[in-house]
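For reference, the structure discussed in these notes is given below.
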Amino acid sequence: MITVSQIAESLKGEIVGDPDLVVNGVCELENGVDGKISFLSGPSYFRYFNTSRVSVVIVNSDFDLPANGKTLIKVGNPVYGFARVLEMFSERPEYPSGVDKKASIGKASLGDHVTIAPLAVVADGVIAGDGCYIGSGSYVGSKCILGKNVTIHANVTLYDGVIVGNNVTIDAGTVIGADGFGWVTVEGKHRKIPQIGTVRIGNDVWIGANCTIDRGTFKDTIIGDGTKLDNLIQIGHNASIGKHCLFAAQLGVAGSTTIGDYVTIAGQVGIVDHITIGDRCVIASKTAVFNSLKPGSFVSGIPARDHKSRLRQDVIINRLPELMKRIRTLEAQIIKGTGKE
Amino acid sequence: MITVSQIAESLKGEIVGDPDLVVNGVCELENGVDGKISFLSGPSYFRYFNTSRVSVVIVNSDFDLPANGKTLIKVGNPVYGFARVLEMFSERPEYPSGVDKKASIGKASLGDHVTIAPLAVVADGVIAGDGCYIGSGSYVGSKCILGKNVTIHANVTLYDGVIVGNNVTIDAGTVIGADGFGWVTVEGKHRKIPQIGTVRIGNDVWIGANCTIDRGTFKDTIIGDGTKLDNLIQIGHNASIGKHCLFAAQLGVAGSTTIGDYVTIAGQVGIVDHITIGDRCVIASKTAVFNSLKPGSFVSGIPARDHKSRLRQDVIINRLPELMKRIRTLEAQIIKGTGKE
Amino acid sequence: MITVSQIAESLKGEIVGDPDLVVNGVCELENGVDGKISFLSGPSYFRYFNTSRVSVVIVNSDFDLPANGKTLIKVGNPVYGFARVLEMFSERPEYPSGVDKKASIGKASLGDHVTIAPLAVVADGVIAGDGCYIGSGSYVGSKCILGKNVTIHANVTLYDGVIVGNNVTIDAGTVIGADGFGWVTVEGKHRKIPQIGTVRIGNDVWIGANCTIDRGTFKDTIIGDGTKLDNLIQIGHNASIGKHCLFAAQLGVAGSTTIGDYVTIAGQVGIVDHITIGDRCVIASKTAVFNSLKPGSFVSGIPARDHKSRLRQDVIINRLPELMKRIRTLEAQIIKGTGKE
């Protein structure tokens, strides 16, 4: 049983309404449910506020509309507040702990409270810090180094020598440290360029499911601290990704490209090799980036252009058939004009 | 040994020609082989009919061209007829049955005739209905619920609590129920929004290889009955996919988007978050959908536009260099004209 | 300890400078390090040559700039030369050999020096040639046939009956031989078209991580000799890929499409079904190919167009707002002109 006052205390929020109300779950504001808690992230959701049947709403400190029978909890950041409430209501099971007999473990150095799930494989020379979790079916290759509290979900593959920081999560099916795609064609055959670098992943990184991050040719492929990757993302060899980036699903970064800090990239974007994306760039979904971008750029389209300019071009592309007619009319008028002279 | 009359009986088809002919395999119509069976799906293949060396052809009931020495089997739907013939000629091995000693099985409730392949993992609290198959290297997390006759191929990962209907197939490498990509940035750091919903998959769903379907934030991510997904598809958290949809490879549906029934989406399409795609929409390959679509829409392009309008725009884009010249000519004529006055 | 003369001897290169110099590692030319070796692949890197602190540089036989204190090794192909030097400096651990007790092996026929890693599964009827390596968590289905020296990394899935040539590498997480995406809709339900073909992979093929290559409907899906695939690539059923192709990450080839030899395709390209791509075509990244291409074509864009034509169109698309203004000006001038008459 969780009450409004318990939630407010935890969030250091201010209650407007009934502190003793029992909250029995979370819901959307739009489809609000009596007895539950939701949140108001911004003005675009105000229209749902009055009609919602939800009982408790987490709102911004400066919210000043009438509560309309609801209990409010005012906080500095309602989304973050709601995130913490979600934690309170989570009933997701914990993983069992300890090293399972059905795992296969080489001469590895494991810290305290390390869990190796059934049918995981830890190769020789692995070092895993305190609190690491290695999921079923995952393979941690020779001489990988994992920091503290690294969570590797099921069926992940780390090739040999991959280096992972602290508090990193790697979702299922992801492959880190496979050879980069490097070939040199000699007499009609593609000969392999050995990839003797590795992948270095910083602290507090999250990597989604079924991603692929290739090892470097001789430099390392790098993912900076605090960066979060969604699913099915490809990071090519020698790429260097900065800190605190957010990358959406199915994007690809080709080899040897450098991306700055706080870069936000939407889904299915492609970025070619050997370019530089400055800090705090924003790249809209489906964009193809063929050239380096200055810090703070906001681009979209194929090829990538300044987003606002591209929107203007887009409007005109929609009007091309009309434009065509206007040119024909002009041509006809000119001919007519000429004839009259 | 399979004869024409056996095939015709099974398909409830009408024979034109030799019912006792022995059929020893299937082939294309175009590269037909003596003694084999093929099919004629539509008029665009009529040109291959006369020259094909195939012996037996499954045709539509209203087919009235001369048989030209071939034996015909007339049916209502030749593609479906041929599909059933393929089954007769399949020599694919069956999986062994039973629970393998090298699997790892927690406190799970397994129905009759459940097969757990070598080195599969079934966690505590799993419920699996009659006739389920769980392939090698697959991980079925805590409290997952599988209906009857669910086939999970090798190296699949189901996170905890995923709910799967009856007669569902999940191909190898697919990951279902990983956390959705939800973050809130607080003082320059991306804080995780817990994902306490799950994924619900309806009956008769097929999910291809290496897909990723994320669990919901607090609502569930849903895949409707009868929907079929190809490979490498991303379905974001809270998305709701309707019934009987067909989704081609490498497409992505971002979070909280709702897709109706009988929607057909081609390969590498991207659909942004928080929009609604109506029933029976068709989306051409590579399209980027940034706005909601009315039922029955047929769109293509980046951004998505009505397909026919976009084709007209495309024709003009191809003629842009010519258009440029015509404008220059007009400008020159105007100047000349002005000069004359 | 590796000296310049040892390297030059191995590469059959000509030394200009100190043959006894000890080389202690590899580096980039741009960020060159004293005591290390790098390479000069072409004129675009000449600008780094003089300022680089690297000690040894592999250059082309016809390189004739002053050595500027560096030792040079002249060879016919500096990139290939450097690739071989990378091998000399590789410290990547070898995999252990032999059949692990924690693997699950059916009635299979294994050649000499075959390694089955811990927790790999080899089903009944598999034939694996000499020197094969099957990684942890991988599943090799019934009746698969592997040639000599096939390396299957961790968590790979080969469905039943897949045929693999000699000297093939398959990176982690890849799925080969899942059913192609074939459906026939009967009375509102999508009925499965059985996929009774398989996948045939030639010799010297490399397949990256988390790829999906579907089995054929009744013909086989084919990957030709010497072809190299990057990560997250989708190859649809019945597709036939030629020899010595290079395919970059995240591209998709739809069903029944035929691709010739020496075709180079960049990242995130989509190619529709039932078309033919001629030998030695080059397809730029993000391209959507909707029609067959003649041998030697170089295309880009959505839809694919001749690359040079498309670049010209692109320049004009950028100038569309200006074009619009010029048309308006023309219209105003015409009206003005008409008024005067």
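When the chains are written out, they are named A, B and C in that same order, and each has its own residue count from 1.
Criterion: contacts are C-beta pairs under 8 Å (C-beta built on N, C-alpha and C of every residue); 3 or more make two chains touch, one makes a residue touch a chain.
Predicted model only: the values in this text are computed from it and were never measured.
Common partners of chain B and chain C, by the touch rule above, are A.
Residues touching across the chain A and chain B pair largely diverge in numbering: under half of the numbers involved belong to both copies.
Chain A and chain B have CA centres that are 26 Å apart.
Counting partner chains per residue, chain C shows two or more touched chains at residues 119, 137, 155, 173, 210, 232, 250, 268, 302, 317, 323, 327, 330, 334, 337. Residues 104, 119, 121, 124-125, 137-139, 141-143, 155-157, 159-161, 173-175, 178-179, 181-184, 186, 188-196, 210-212, 214, 217-219, 232, 234, 236, 250, 252, 254, 268, 270, 272, 288, 290, 302-303, 305, 312-313, 316-317, 323, 326-327, 330, 333-334, 337, 340 of chain A are the ones touching chain C in the complex.
Of all the residues in chain C, the ones that touch chain A in their complex are 26-28, 77, 79-80, 82-83, 86-87, 89-93, 96, 100, 102, 117-119, 135-137, 153-155, 171-173, 204, 206, 208-210, 226, 228, 230-232, 244, 246, 248-250, 262, 267-268, 285-286, 301-302, 314, 317-318, 320-321, 323-324, 327, 330-331, 334, 337-338, 341.
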